[in-house]
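Below, each structure is written out as structure tokens.
One chain, chain A, links the two complexes that follow: it is found with chain B in the first and with chain C in the second.
Moving on, here comes the complex of A and B:
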């Protein structure tokens, strides 16, 4: 049973009012959340410091235009924010931020983190769609019924880690059939409890992991197995990989939006991987043909060696791919396997170093002695 | 002309242990497969997983990583990192269905000339059995 506050309002309105009152009472100096940008449905993450500018804020709107963890890292690269800021993040974005903080790419100290039990986000290509409002309403119905919404990202559909870790306040949404009239804020930390005093609601003690949430987890696990089996069919190895990434343009959009890919100059954008004229002619003599741009598989598998172990399966990569390659599903699959091997869960424990930067003297003792 | 298939094997050997071990095997006139192309690195910890990956993608039939036994690294801790990197590569190859027999890590010390000869000969035989790496023929890779 967890300490919580029940607020008798629609979840979106209630959260909006809570955040606005924190701003007005100057308990925090800014709110980082989604804001409606225009009448065509475009939303963007924004840092709002004035209560007047807060009017179009839509926290928990089901889109992820950038991975918020990456955005927060860009504010705190040189140190923590000077004043406290509230950030509304999805569980995977929070995990991505924790992974970045581990790598000295951000500071989590002056944030009050609010995160929902997450029903996923809609695919970015639906932003600006003429049926956007209808899809958003249908999305909320799926959330209330703890069902998988088919308009959400593939990674969201099979995500089993939709309960936030390390959030100060968890917003209970999934499985709550009365979400239009009431919702619960779970207080996970002393900071959360302190700020929640501004919320007008009644103290309750409730379970985050309800029956509906556990059933949803099972459904998502089944879908995960199905997607993993279909992507990169087992045993077909090289051929299947080449087919999956055949239409890749080499735009590197996937790595640019990936929260874990933080390198200012990515190795794969640098001169190291530029094709030399001499190797070009030698390759053409040997093979008789070459895909251009070159280094397609080397880029993707190489990127896996760099970041897959910390992949939080947010799905930004698949969403931005101009040729609809299921990058996120492949990387999630590889990521899960690596995480199992190293017994590492990205974003769970901020004190635990990432696997690449550390070692144990007495691990994998059988390797190399054969 | 010998028409038997000879695999093309790339070996990344650390200077202080495995390369010296290979040298000793050579001066002791031990039989080493001529298909092995050795590349000396100062420490096995220098081996970037991308070296192994690129060699594999360019068509190497086998890629060997060799270094000092854990605890005996000339630079104290380099080979611990090598071990983790190899485990990662192995895991990636496994889950993607690529032929993981084509990459390997062996600890061979400077005095283990016999081990070097044994390991390389066995690996060469395995690569002969596996046949040419299909990546060599793939154009649109």
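Moving on, here comes the complex of A and C:
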């Protein structure tokens, strides 16, 4: 049983009021959350400091225009925030932020972290769609019923890690049939308890992992198996890899939006990987033809070796791909088996170093030394 | 008119008409097959379909059998041709003779990249082709078969269809222009079951001679059909420009178009002109401490993340828009359907007119920013002196 408070309001309205009161009473200096940009459906993350501007905040709106972990990293790259800030972000965004903090790419101090039990987010190409409102209402029905919303990202549909880790406050949404009338805030830390005093709710003791949530987990696991099986046929080796990434433009959008890919200049955008005209004669003689620009496949494999062990399966990479390559599913598939090998759960424990940072002499004896 | 413009403009009067009994595609490929077989070139850069997939890509081929997968006019523009050419020719010396078949906007990009020292054209024969446009990448990836079918129809009828990419719908530079961009041009318009090879430079003429193609056939039909279509498409372009100028009249109007932007920089990475190894807006230069961001937020009430999303677009625009060839690669790569190609093309159009510059038209025309003229824009810089000068001239 976890400490919690029950608020008798619609979840979106209730969370909005809670955050607004924190801002108005100057308990915090700013709220980092999603904000409506216009009436055409565009939303964007924003650090809101004025209660007036807060009217456009939509904390649980089901879009992820950028992985918030990446955004918070850019905010705190040069040091911690001196003033307290509330950040509302999804479980995978929080895991990404934790991974970035481990890599000295951000600072989590002075943040009050609020994260929902997550029903996923809609694919980004639906932002601004004429049916957006309808899809969002449908989404909330799925959340209430703890079902998989068909308009959500593929990675969301098969995500098993939809309960936040390291959040001060967890907003219970999934499987709550009365979400329009009441919802629960789970208080996971003393900080969470302290701030929750500002919320007008009654103390309760509740379980986060309900029967509905466990059933949803099972459904998602099944889907995961299905998607992993369909993506990148095993046993076909290089050919399957080549075909999967055949239409890649080399725009590197996947790396640019990936929260784990934090390098200022990617190795694969550097001079090191530029083609040398002098190699052309021998390359053409050897192969008869070259797919140009060269190096697209190497980029994906290279990026994978650099970050897959920390992949949080947020799905940003697939959403920005202009040619519909299932990048996220491929990376999630490879990432999860890699993470299993290293017994590493990205974003779980802020103190646990990333596997590349810890050398163990007896690791992988079976494939390397005797 | 640009002072550096030499008298090298070619105005071809005659060409070589070649039969296309089997198909246009076949006739076009035969030109390149012959050039390769006769050792006139060592390799050919041409769009191709990746075997066993629906994907298109560029292939630089030497092995003749690879022509089987080549497609001179694919339904999509995967990577901008100028960018593809630059990717293997900008470092070191290109010691192979290459013929590159590209759409006119890709040739224009290659010419701009030449001026920016990002491509080596010494050993390259640039071949342009009458272009019916291309289909949006995402549409194609969603339903390749359907888009292939509709593209076939559109390209046969030279229809200005609404299912084409917006950049292509509004393009009036889809054929050979009166300038020194390409070396050879392949005319598809005007003739039935024939293609016309036109030389547009001494390099092009030389290749035609070696191919044994004497330019003795009339270009009248091609020219007349082309000019009629240019007129029609120019009209379409004018109305597009007018509509969008109205739309973004106020600063807000411009920025509202970017509300959906998620700052992925796909537009820049697809842009043939954005060649910087590291974009200024991806650099560490504009990183600040959290208190600075908080301060910025307090000034306005809220601060958008990712940071500098709008600055990126305005900055990129100021860096490259004079060379924007309106190819639409940026808009094709945008995951959230921001009309970024239309915005840039419209601003580019106006800025280029101010400098009397058409990017990619002539290899000899200096880039406006490299070409300082003392009395240029005197009306903005020194309005008083400028006025005197103008009245003097009037006398």
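Some observations on this one:
Basically, the second predicted complex is superposed on the first by the 366 of 370 C-alpha atoms of A that agree within 3 Å, B and C clash if a C-alpha of one lies under 4 Å from a C-alpha of the other, contacts with A are read in each partner's own complex, and residues count from 1 in each chain.
Rule of thumb we're sticking to: a residue touches a chain if its C-beta (ideal position, glycine included) is under 8 Å from a C-beta of that chain, and two chains touch if they have at least 3 such contacts.
Only a predicted model underlies this, so the values are computations on that prediction, with no experimental measurement involved.
When both complexes are superposed on chain A, chain B and chain C sit side by side without a clash.
For chain A, the partner that touches more of its residues is C, with chain B and chain C as the two candidates.
With both structures placed on the common chain, the touch criterion links A:366 to neither chain B nor chain C. In the superposed pair of complexes, A:320 makes contact with chain C only, with no contact to chain B. Touch criterion met: A:308 reaches chain B, while chain C stays clear of it. For the superposed model, the angle subtended at the Cα centre of chain A by chain B and chain C works out to 80 degrees in steps of 10.
In the superposition on chain A, A:288 makes contact with both chain B and chain C. Of the two partner chains, chain C is the only one that A:127 touches; chain B does not reach it.
In the superposition on chain A, contact is made by A:246 with both chain B and chain C.
By the document's definition of touching, neither partner reaches A:343: not chain B, not chain C. Closest approach of chain B to chain C, taken over C-alpha atoms in the A-based superposition, is 7 Å. Applying the stated touch rule to the two superposed structures, the overlap between the chain B and chain C interfaces on chain A comprises residues 242, 246, 287-291.
Only residues 49-50, 53-54, 57, 67, 69-71, 77, 80-81, 83-89, 91-92, 94-99, 105-107, 134-135, 137-141 of chain B touch chain A when the two sit together in their complex. Interface residues of chain C, counted against chain A in their complex, comprise 42-43, 45, 50, 52-63, 65-66, 78-79, 83-84, 87-96, 120, 137-138, 141-142, 256, 259-260, 262-266, 269-270, 277-278, 282-284, 287-291, 293-294, 297-298, 300-307, 309, 332-337.
Residues of chain A that touch chain C in their complex: 29-30, 32, 35, 37-38, 40, 42, 44-50, 52-53, 65-66, 68, 70-71, 74-83, 124-125, 127-128, 239, 242-243, 246-247, 249-253, 256-257, 264-265, 269-271, 274-278, 280-281, 284-285, 287-294, 319-324.
Those residues of chain A whose C-beta lies close enough to touch chain B in the complex are 232-238, 240-242, 246, 267, 287-291, 296-298, 301-302, 304-305, 308-309, 333-334, 337-338, 341-342, 355-356, 359-361, 363-365, 367-370.
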